[in-house]
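Shared between the two complexes below is subunit A, which has subunit B as its partner in the first and subunit C in the second.
Then we have the complex of A and B:
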């Protein structure tokens, strides 16, 4: 028989219920308010740390990211778009792989090796062929190098079921060390390669970053169409959702994995190309600067939609440079920018919970024990 | 009743989001009584029992045990109230023996003494007539033995209110009879027993009273002695329905698919198909019966080109060319390129047959996306097909662009079966096509299979409910441990006969 001790009511107070799919504009509203709330918190933290007023902090952030646009100075604004474009390019590159549930954490290395290919072409072939031909060669080799770096883990994954996360991560270290070695060889011990003037991407309309930005814009549209409307994109989606289904309808899973990683790697190669031939005209181990990892987050936060990813990239770059400026102005160290980005992204990720679930308070129960 | 109810539920309500799983359910079970909870899939039976066993907590309502209000917030609380639940999916450690599993997690006073525990297990076995060897390891046990261990586990903990969730789903008819005998003995011993099921004949043969749920609502409780199948069905479904399957005589049959001596080894190196041979004729439904996991899935996947075979041949009599094509060791794509019109409704609907996160149109496209020139998809024909299927099979969905995972089980299956039928097959294979479906949807599927048969398709139907197999099929192939244990005429065979063939292990090989 059950014990005669009467247990106290100790029901959970809150309970969490899954929502049906939310209307898109409501979801957007939640995300937007998450960003605003995070920025508010950032403002409070900054004010406390710096003693500067609220408005002051925000205006420094804006100035840091976009420069003094109203005084006709646009160089920082162009730098903002350039950095956004590079981050977006890397995010676009990892997206097909992610949609296939292939966790390509090697964008960093794939871009670096693509950049290295561009650098080698620029140095070895510069002046030995017409400039236009050199650029074609650079494009081909950068894409190829990135694709090779991407396809090696894919081959192992497809044939031996190795873990692609670890494999792609380790490939990053290999790429970094190869670049370090090349810099050591070419830089003759100085540790830097002087900017090269041959094989640079052309400057259009006198704006040094415009071509980079246009290329990435085109890639964004192309990738959107590829993922959504092409047969390849459909195969990627099916393989990602369920390899069993893919086998069942006769998709060759191995082929799709390899093909998609060739694409992903090649796009990373393009990012490396834009960095080396389009921006720095030189290379070092920090050329990509961790953006290959940031790209992973951008891709996820953008729900694999290239247009949303462009907005997220912009936000990330804005926070990075804006908070950097705040840190500089008040002699805080570089971690401040990381804290700011961290807070905003945490809010952005956290608000997804409220989009999927609703939290309810349990209704009070009428009293009365047995 | 003179005795107090062992357990009483009053106005229990539980919601998940917008889904009301249970609404104002009230029922009582006395000691020395077996209560059946009857309801279709999704009617809230398991949710209700999970609230008694402490897995969920009710939103509203009270539970009384022996007349006192009880608050059960965890399975531990449930044990304290001497409530034991035997889940549909067993929760045992494979490498442990029966006794080790039984005492696992139990914090008994005194030293850990396995031998004393074994003695107690033996006593329980003798008392109720269980047949289980206390030292036997779980991984060497049959499904029915594992279930026995689960039951002893809760008895060992002193449970006197037992809840069994669909206990017969995995048992052969003979094992079911044995289980029922044990349950009756426990009832006579004064235990309160609740059994969840959707099989009517079991309800009638076992329980004292039946509580019926429909769509989460409590419909009523009736005494088993005073009711019949028709009345219970009406309570379950909410309207009178005809439970007969119309079976026509096969016409113009020709051998369409000949399977010759196929062997198949799975990834763990276990022989899952052992010298299987049979013929499937056009215009005929061939049933496949067997205990779950006896090689049914591998057999269908082998025919569909998804399983590598060690040896043997699958010959397809191509009605267009008159050739015998060997499908063996061909991929699904190559099979389709041969002009073989083979449709396959796999057991795992959302994991294999469909993509849950895609909408109905994109799921239609699975079979046809390669069609059309160029690199781009054509979404128009699949959209038309989706609309046609929604219309024809009365699929309940907000629209063609709803992800299929959000449809109910029956509607998911209609989408899948509809797509496979739209391919105008000559061979149609379906694995457990009515699993988890309500009665109406089940009969829609049976009718679709019958239509295919009448159109001269060779239908292969893997089923679990022997009553249905006997009513629907023309011939029944009984598979046991990857071997063909026999092929019987469904018009003359009996359930017991098939049950015996299912468990036959003497390696009797027959060619069909």
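Then we have the complex of A and C:
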């Protein structure tokens, strides 16, 4: 478009300008209203599809996610915490990489390989050594496997600037096929590995998954401190902002990229370990179930702050199980849950615009009539 | 057997070709659309819904169906659905400047959800015993191939026995290649993808190019979903059957070095790689699974080699993945 002087210049109706930092409560208000708007939209869609009233839809969603809390049945609530913990663990894992502007889209594969390492240890070494030693071996190997899977793209990124988004994406499918290979190999053609009883993470206080949740809580705090207060965290932030600045102040960028991806991959390995040794005691190609991708959105929406990420993981899990329940009760297809969480996430990423930019309506001389 | 192998690799490659041609158009405008897998699902289910309604309107009698309408209605529904998804993506990433990776991944979740939801609902609606919708009648129109193909032996089987969407995919790729490399519009589009600020300074309407390229790319990718359901799968939609072909299409873009003509060969090579496990004798189930990772491994190798050689014409568009805000320095 050549808006030269010959043509009559037309002013755009809306003027977009970058904002300075917004007051935190205003930003929170915008995000909250985005969530509420999205939930309203979800409610409207659900009532249209099911014929149930608004209140009914929401109460079913609540029940689907938390169960009947007030009647003392906590098992659903417990599952909610477990699922939130796993999603949070994956989100924590990708966060250091993201903060460095390294698009680790391979959490799925890194977790799967970590889980596979745990599974192999459980099956091959189970019964051949004391249980505590086995668990130590499992932890070491899953972290190692995840780290290796994460560091391969990082090495190429650091040395040759290979596009990491695409590289890590491809690594997911390589990991999936390796797991499929292993499952067929050990499952003797049935395509299923029966749950293994050795090398399972211990159950604390009779509550299954409690250890998973505790581990993730500890990781959350540690990662917050690591990113915010440690020298490594500072280096990550600088490399993310500008690699040239980092080089100028004497940070060895290659080393930081490789080190951070080792950490990111190892944390994904932990998520795989929690899924295999702590939850399923078995593995299949769908063990991580796309949560590696959801984690990327959670990490982004949480602005790399582990505590905010915990809240968002909770929201996503709530929507998924709640919408699942709505779908169940009204005989809708289970993918309804994907649509609902998709809508809410799209609203949430969209509202960031209004936090970072301000939109002014021009009331110019020539007919700014909005 | 070699004839059968090549001939069966081609329809497998066509959805990939559509997907990657669409993605190339989008990436040339500087947008890495990771929503392509979701968009291809939407394209597929759009076609299914269109065909389903038309078959219903004709009273399920093939004699009542008009071949032109039977093809046009699903085609338009498919393209329409895909364009809507493309609009959503470009509104978020171009106008609202949301991170492209996050939007793309969310769109993929959303699109696959949409596909499976409508697919599942239609399956429930027809109350069939199988978990799938069968649209054989519409499919028969889509699958119509040249009548004399069978008489020409191996030549006919490899080159002439396919459905029209297969040939269309090659035509589309060639046209895109021509437009990108030989026309002013293509030059402008490439300029937008390389450096939007420079393009803007040169008087190119950056926002318009980005929107049009993304929506057009989505429409092309959506046809891949349609071809899969109507021609490759004989008009049978079952949930999740499309699988991870969308991701493979994105891989193919790298493999093809952002050149649609390369994507033509690449897609058929990928089709052959996907299919190789069925044609090598004596593979166990387990080894077959290992063979299925071939396309991805090949892509990784290409990605690494091109980044090591650093040839200028083999690099991704420089502005790929970066949002553009005019008032930012």
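As a convention for this text, the second predicted complex is superposed on the first by the 349 of 370 C-alpha atoms of A that agree within 3 Å, B and C clash if a C-alpha of one lies under 4 Å from a C-alpha of the other, contacts with A are read in each partner's own complex, and residues count from 1 in each chain.
In the analysis below, a residue touches a chain if its C-beta (ideal position, glycine included) is under 8 Å from a C-beta of that chain, and two chains touch if they have at least 3 such contacts.
Because the structure is a prediction, the values reported are computed rather than measured.
Undergrad: Check whether A:203 is in contact with subunit B, with subunit C, with both or with neither, and answer first, second, both or neither.
TA: The answer is neither, since A:203 touches no partner chain.
Undergrad: Per the contact definition in the header, classify A:218: touching subunit B only (first), subunit C only (second), both, or neither.
TA: It touches nothing on subunit B or subunit C.
Undergrad: Quick one: is A:333 in contact with subunit B, with subunit C, with both, or with neither? Answer first, second, both or neither.
TA: The second partner, subunit C, only.
Undergrad: For A:185, select first, second, both or neither according to whether it touches subunit B, subunit C, the two together, or no partner.
TA: After superposing on A, A:185 lies in contact with subunit C but is clear of subunit B.
Undergrad: Which partner chains sit in contact with A:247 here, subunit B, subunit C, both or neither? Use first/second/both/neither.
TA: first
Undergrad: On the superposed three-chain arrangement, identify whether subunit B or subunit C touches more subunit A residues.
TA: Counting residues of subunit A touched by each partner, the higher count goes to C.
Undergrad: After superposition on the shared chain, which partner residues are touched by A:17: those of subunit B (first), subunit C (second), both, or neither?
TA: After superposing on A, A:17 lies in contact with both subunit B and subunit C.
Undergrad: For A:140, select first, second, both or neither according to whether it touches subunit B, subunit C, the two together, or no partner.
TA: neither
Undergrad: Mind sorting out which residues of subunit A both subunit B and subunit C touch, each in its own complex?
TA: In the superposed arrangement, which is not itself an observed complex, subunit A uses residues 1-3, 17-18 for both subunit B and subunit C.
Undergrad: Hey, which residues of subunit A end up touching subunit C in the complex?
TA: Going by the criterion above, the answer is residues 1-3, 16-18, 103, 105, 156, 160-163, 165-167, 169-171, 173-174, 176-178, 180-181, 184-185, 189, 191, 290, 293-294, 296-297, 300-301, 331-339, 341-343, 345-346, 349-350, 352-353, 356-357.
Undergrad: Over in the complex, which subunit B residues touch subunit A? Could you list them?
TA: Listed in rising order, the residues are 15-18, 57, 59-60, 64-71, 73, 77, 80-82, 304-306, 331-333, 336, 344, 346, 348, 351-358, 362, 365-367, 369-370, 375-377, 406.
Undergrad: If we count contacts the way the header does, which residues on subunit C are in touch with subunit A in the complex?
TA: 32, 34, 88, 92, 95-99, 101-103, 105-117, 119-121, 124, 203-205, 208, 239, 244, 247, 250-251, 254, 284-287, 289-290, 292-293, 296-297, 299-300, 303-304, 307-308, 310, 316, 321, 325, 327-328
Undergrad: Considering the complex alone, what residue numbers of subunit A touch subunit B?
TA: 1-4, 6-12, 17-21, 229-234, 237-238, 241-242, 244-245, 247-250, 252, 358, 362-363, 365, 368-370
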